[in-house]
Amino acid sequence: ADRVRVAVFNVSSALPYYVAAERGFFAAEGIEASATPLQAAPLIVQAMVAGDVEAASNLVTLEGANINSRRANTAVYISLNGQNAQYQMEQFVVRPGYPAQSLRDLKGARILSAPGPANLSAAKAVLAAVGLQEGRDYSIQEQQMGVHVGALAAGTFDAAYTLEPVATIAERAGAARRLEAGVIATHLLGRPEAQAFAAGAALTGKFLQEKPDVARRFANAWSKACALITSDAASVRPLLVQHMQTSAELAPTVPLVAFRMVRDLSPQDIADFQKFVDLAVAQGVVRSAIPVGSFLRAL
Amino acid sequence: MSLTPRETAITIRGLRKAFGGQPVYSGFDLDVRRGDILAIFGPNGCGKSTLINMAAGLLPRDGGEILYDGREVSEIRVGYVFQNYREALFPWRRAAENIRYPMRRMGLPAAQVEQRLQGLAERFRVRFDLNRYPYELSGGQQQLVSIMRALAVEPEVLFLDEPFSALDFETTLSLRDLLQRVLKELGITTILVSHDLEESIILADRLLMLTRRPTTVADDVPIDLPWPRQAEALASPGFVALKARCLDVFQKAVAA
Amino acid sequence: MSLTPRETAITIRGLRKAFGGQPVYSGFDLDVRRGDILAIFGPNGCGKSTLINMAAGLLPRDGGEILYDGREVSEIRVGYVFQNYREALFPWRRAAENIRYPMRRMGLPAAQVEQRLQGLAERFRVRFDLNRYPYELSGGQQQLVSIMRALAVEPEVLFLDEPFSALDFETTLSLRDLLQRVLKELGITTILVSHDLEESIILADRLLMLTRRPTTVADDVPIDLPWPRQAEALASPGFVALKARCLDVFQKAVAA
Amino acid sequence: MRALTGPALGALGFVLLWQLAVLLRVADPILLPPPAEAFAETWRGFADGTLAHDTWRTVQRTGLAFLIASAIGVPLGVALGAQEKLYRGVEFVVDFFRSTPASALFPLFLILFGPGEGTKVAVAAFGAALVILFNAAYGVINARRTRVLAARIMGASGPRILVDVLIWEALPQILVGMRSGISLALVIVVVAEMFIGSTDGLGHRVINAQMLFESGLMYGVIFVAGALGYALNLLFILLEKRFVHWSGR
Amino acid sequence: MRALTGPALGALGFVLLWQLAVLLRVADPILLPPPAEAFAETWRGFADGTLAHDTWRTVQRTGLAFLIASAIGVPLGVALGAQEKLYRGVEFVVDFFRSTPASALFPLFLILFGPGEGTKVAVAAFGAALVILFNAAYGVINARRTRVLAARIMGASGPRILVDVLIWEALPQILVGMRSGISLALVIVVVAEMFIGSTDGLGHRVINAQMLFESGLMYGVIFVAGALGYALNLLFILLEKRFVHWSGR
């Protein structure tokens, strides 16, 4: 079998990797996949550049855009994970007693944000889209994901721009109330049904070039995994508990993103994705404009 | 020697001390009369430093008690010249500051501190710069500073552990005179450890000769030579007789 | 004193040393004859320790040279008893280990090391346990260990900086005898610093009297008393005359 | 036995303070669970063997990193300390890296050692070695001169003086450095287990617990890490009591 | 002047080593850019003023944290060192937290100090205070007894002995502790700027550069942080040269 080393960021969006591995999809394609857990996007990119891995199961697309704009073909996506109001990932929540009913009501709120420049600027952009301005209308501060629930519960912050599964956990613990999910699609891409493709599975350009056949088989396995998740999520959710740090009671219901193979994307999807990246460029989160087609590969 | 309680400045009763199970003192008694200079003469390692360390409250004793006219050592003003004078000076303070230190601790006003420092420097005929740090001084100079520091506060009780060991010939002679005068004038009760028999006799009111470990008193010799004792006293018949007696005791009890 | 080159063990020429701009030596010359014991007698702070520290290569000199029969100090075997003997012992080694140390460094076989250690312990009449750590010893005991350590390697040149300062009466006497014997037997060239004039005369072939700073030679006295010099020598007319001469020089040049 | 009462009381007092903070509701129990809960969860973790395994892996990595760090840091530090001028030269590099977060060095070490065990141990060893080196060098720089001179006079060569005098003179501070070093190695190993390629170890466990919001377990694991740090330090406290008998005399 | 040649040579050697690693292509230039590129980018950052501001913010936070840490760590360490039994009691807590990653303490401090500047400075101060305390205590524990005894004889009370003798005896090691402490404070501040809410500071800058794969700038900023660490240490090297004139004698 051909060995493929995959950098895995162990959160729920890594699900296709574990599905493909556990359900034998890799094996069926003659691929022996091994996971290299790396809990930071820059480290994953570095591992790809350095040739320590051939693939990444769930690499943040903005990081991918960044490295590809520096050096084309470093991380080429074969699948993207879409998120919006249906496939909840990014969202605003408020602490229980806080009166806000819509984003606009966050005027005067102390808001915390998921960490990283990308999350922070997304949050600010969404709030700007509803007419709120940082400093004047609200204050915002990034915080490690691990402290979100507590900070809301303790009342240190009024609202949070947070991600799954934190939002669900916070809601269940009674520490937060969901205000609006899928805010990027709704407010930044301008269409609530659009997908914000924030992460995805990527292969290194070198791997694609040197072993196109292995890459194709890898994509096949991946595609099967995505399909299975889409068709029968319940059957694969237990894997979340086993591999992706999700608690047993949460696993059956925690929202999952939409796993889409690049080959299945519509032109509208690609346009949405281009808009998503362009917004990031405008915010300075991606260093320079880049056509998304240059790092998508329909396999 | 039996003293009335009122006369006694230091009372040691049933003193016990052992190192690693081996006794140095096992039931040692001593009374020192107020204002007396007691010289202790004994072989290396017999426990002289140990004794005054315990008396000064620096070393815990295994048993017995040491009282100063009924008080604990912490209640009286003590002067101490350490055998290892080098390690007892504060290297982060200049020599003069070292000497000022105990006076400041005593709460003397600044003017008086300076005056005493001046006085000491003159009486000790200090020929080096007291504004230097201890480690910039020669061994003898350091020892001199040590003695000045101990005398600065006019202590009630003074412990001198081989205070002249590093001093030169001339300084030793002049210091003997000086100490005699000062100690007698101020009535300071003193315990002096010295390996120089002549020096011990010349300076002391009483000479305690100790044996090797386990330490006992080989002889307790009252020295009733007249004060002040100049260098000439060394030739007086009284002195010669005393020295002969002491040497004799020493040959029998210690050197044996 | 003029010596032929062959006889000279130590040659000091034009030695210069200043501390903080103030000179201690400015052009000091000295020759020491092979096998001689040179005693240096001088007031505190005149630069005796400084001199032998430079001679032993421990202190950089500002100028001049010190040669041992033409060689540098690093090329010869040196013994040194420090004035601050306490700080020169290794507290992490037992006393016996301290004494073995220079012998090991010299590469003596283990058996011979033990034999020498035994011999030293006997000749020095050590009455305490050499298996203790230095800080468990009394001051005098530490100094004794220091001397034993310096002699253990039978050095070519020996520096003794007030080596008897903490030793008791008896030990001092017996050590004077012992040193005389050993040094003369082995022909060790020795520089001895002492504040005891009698001791200096009794032990030395030659006595150098130094003045206060800036240091010069007040007198250079050959001591030609016959060897060995027992305690009785102290009463011999030769000795008395020498002592009187030295005291005289001292009064004039130093104490003045 | 009596030597253990101090630390035991310390640990007890610490737990009591924790409980007090909980009782005073300094923070929401979700954030700061009562110690009893943390211990129960931790106990469960140990009972099913996984936490014991994680602890053991962390101990292994820390131990290895520390051994490498000591083997490099102590001799190099002592040697550099003996040559103060040389030390002033490398001091820039030492202080530079001492002042750089280990996490900022991860990328560099990943380049050199790849995303496996190597990197974790290497970063930790590097960080600890610097601290050990720094302390050893300072121990030597502040050593008492007379003893060095005495050794020189007795014919000890440069390297011998290093081994026979300087190491001993610096020993109290070398031990302080080693204690700083072993704690730092543990910290870096735990952080590395959080971020780079790990499927076991206390750091991995902390991150997991944090993601699962099992704050009882999370604090329990952190407590295990801290207690482990103390236990490793204890080794040196005992070594010191045993071997540095002369300090202060 | 001459005192600066050592460090300057050290820094130069370090940069040369870096250049050598680039020439040998130890890693892809995207990951490890040549020093010239890093300096150019850093220079640009300084030229437009933003990097200078970030550096200044980090210096402020570090300085404040360090001052707090010293104000607590030195007196407490000296006092505890003088009471060895007491120290053995709190040693558990000291070693415990010394062995816990600062990042694991962020949540706890966030609760106590709220979001914002407070937490960053507090965590850094806490971490540094432990190290300073630990070193000060050890400096005192290893102090020479005779000097304490001499002070006692001269009528110095317990607190006076602390101030007049123990602090001085321990000073060389206290300075070592302060240097460890200031480096640690800088490290924690930078890490905090990376991970908890910051809009300025070197850590914030590193994370941004990392995200944008401006590895030239990233290494440049890390270099600035490290050099800043050295500069802060330099203060103490000078202090030490000035004030600890007696060490080793």
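We just call them A, B, C, D and E in the order they show up, numbering each chain from 1.
Basically, contacts are C-beta pairs under 8 Å (C-beta built on N, C-alpha and C of every residue); 3 or more make two chains touch, one makes a residue touch a chain.
Computed from a prediction, not measured in an experiment: that's the story for all the values here.
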Provide the labels of all chains in contact with chain C and in contact with chain E. B, D
Counting C-beta pairs in contact, which chain pair ranks first? D-E
Which chain's centre, taken as the mean of its Cα atoms, is farthest from the centre of chain C? A
Taking the mean of the C-alpha atoms as each chain's centre, how many Å separate chain B from chain D? 50
Please work out the Cα centroid separation of chain A and chain C, and write it as a whole number of Å. 83
In whole angstrom, how far does the Cα centroid of chain B sit from the Cα centroid of chain C? 28
Expressed in whole Å, how far the mean CA point of chain A lies from that of chain D is 36
Touching at least two other chains at once: which residues of chain D meet that condition? 27, 31, 107, 111, 144, 194, 249
At least two partner chains per residue is the criterion; list those residues in chain B. 84, 87
So chain A residues touching two or more other chains come to 42, 46, 50, 146-147, 150, 154
Can you name every pair of chains that touch? A-D, A-E, B-C, B-E, C-D, D-E
Please give the residue numbers of chain C that touch chain B in the complex, ascending. 19-20, 41-45, 48-49, 83-84, 86-87, 127-128, 136-141, 144, 162, 165-172, 195-197, 212, 250, 254-255
In the complex, go through chain A and note every residue touching chain D. 7, 11, 36-40, 42-43, 46-47, 50, 52-53, 145-147, 149-150, 153-154, 165, 169, 173, 175, 245-247
Quick check: in the complex, which residue numbers of chain E touch chain A? 27-28, 30-31, 103, 106-107, 110-111, 114-116, 195-198, 207-208, 210-214
In the complex with chain E, residue positions of chain D that touch it: 3, 6-7, 9-11, 13-14, 26-27, 31-32, 85, 88-93, 95-104, 107-108, 111-112, 131, 134-135, 138, 141-145, 172-173, 176, 179-180, 183, 186-187, 190-191, 194, 203, 206, 222, 225-230, 232-234, 237, 244, 247-249
Tell me, which parts of chain C touch chain D in their complex? 56-58, 77-80, 82, 84, 87-92, 101-102, 105-106, 133, 135, 149, 153
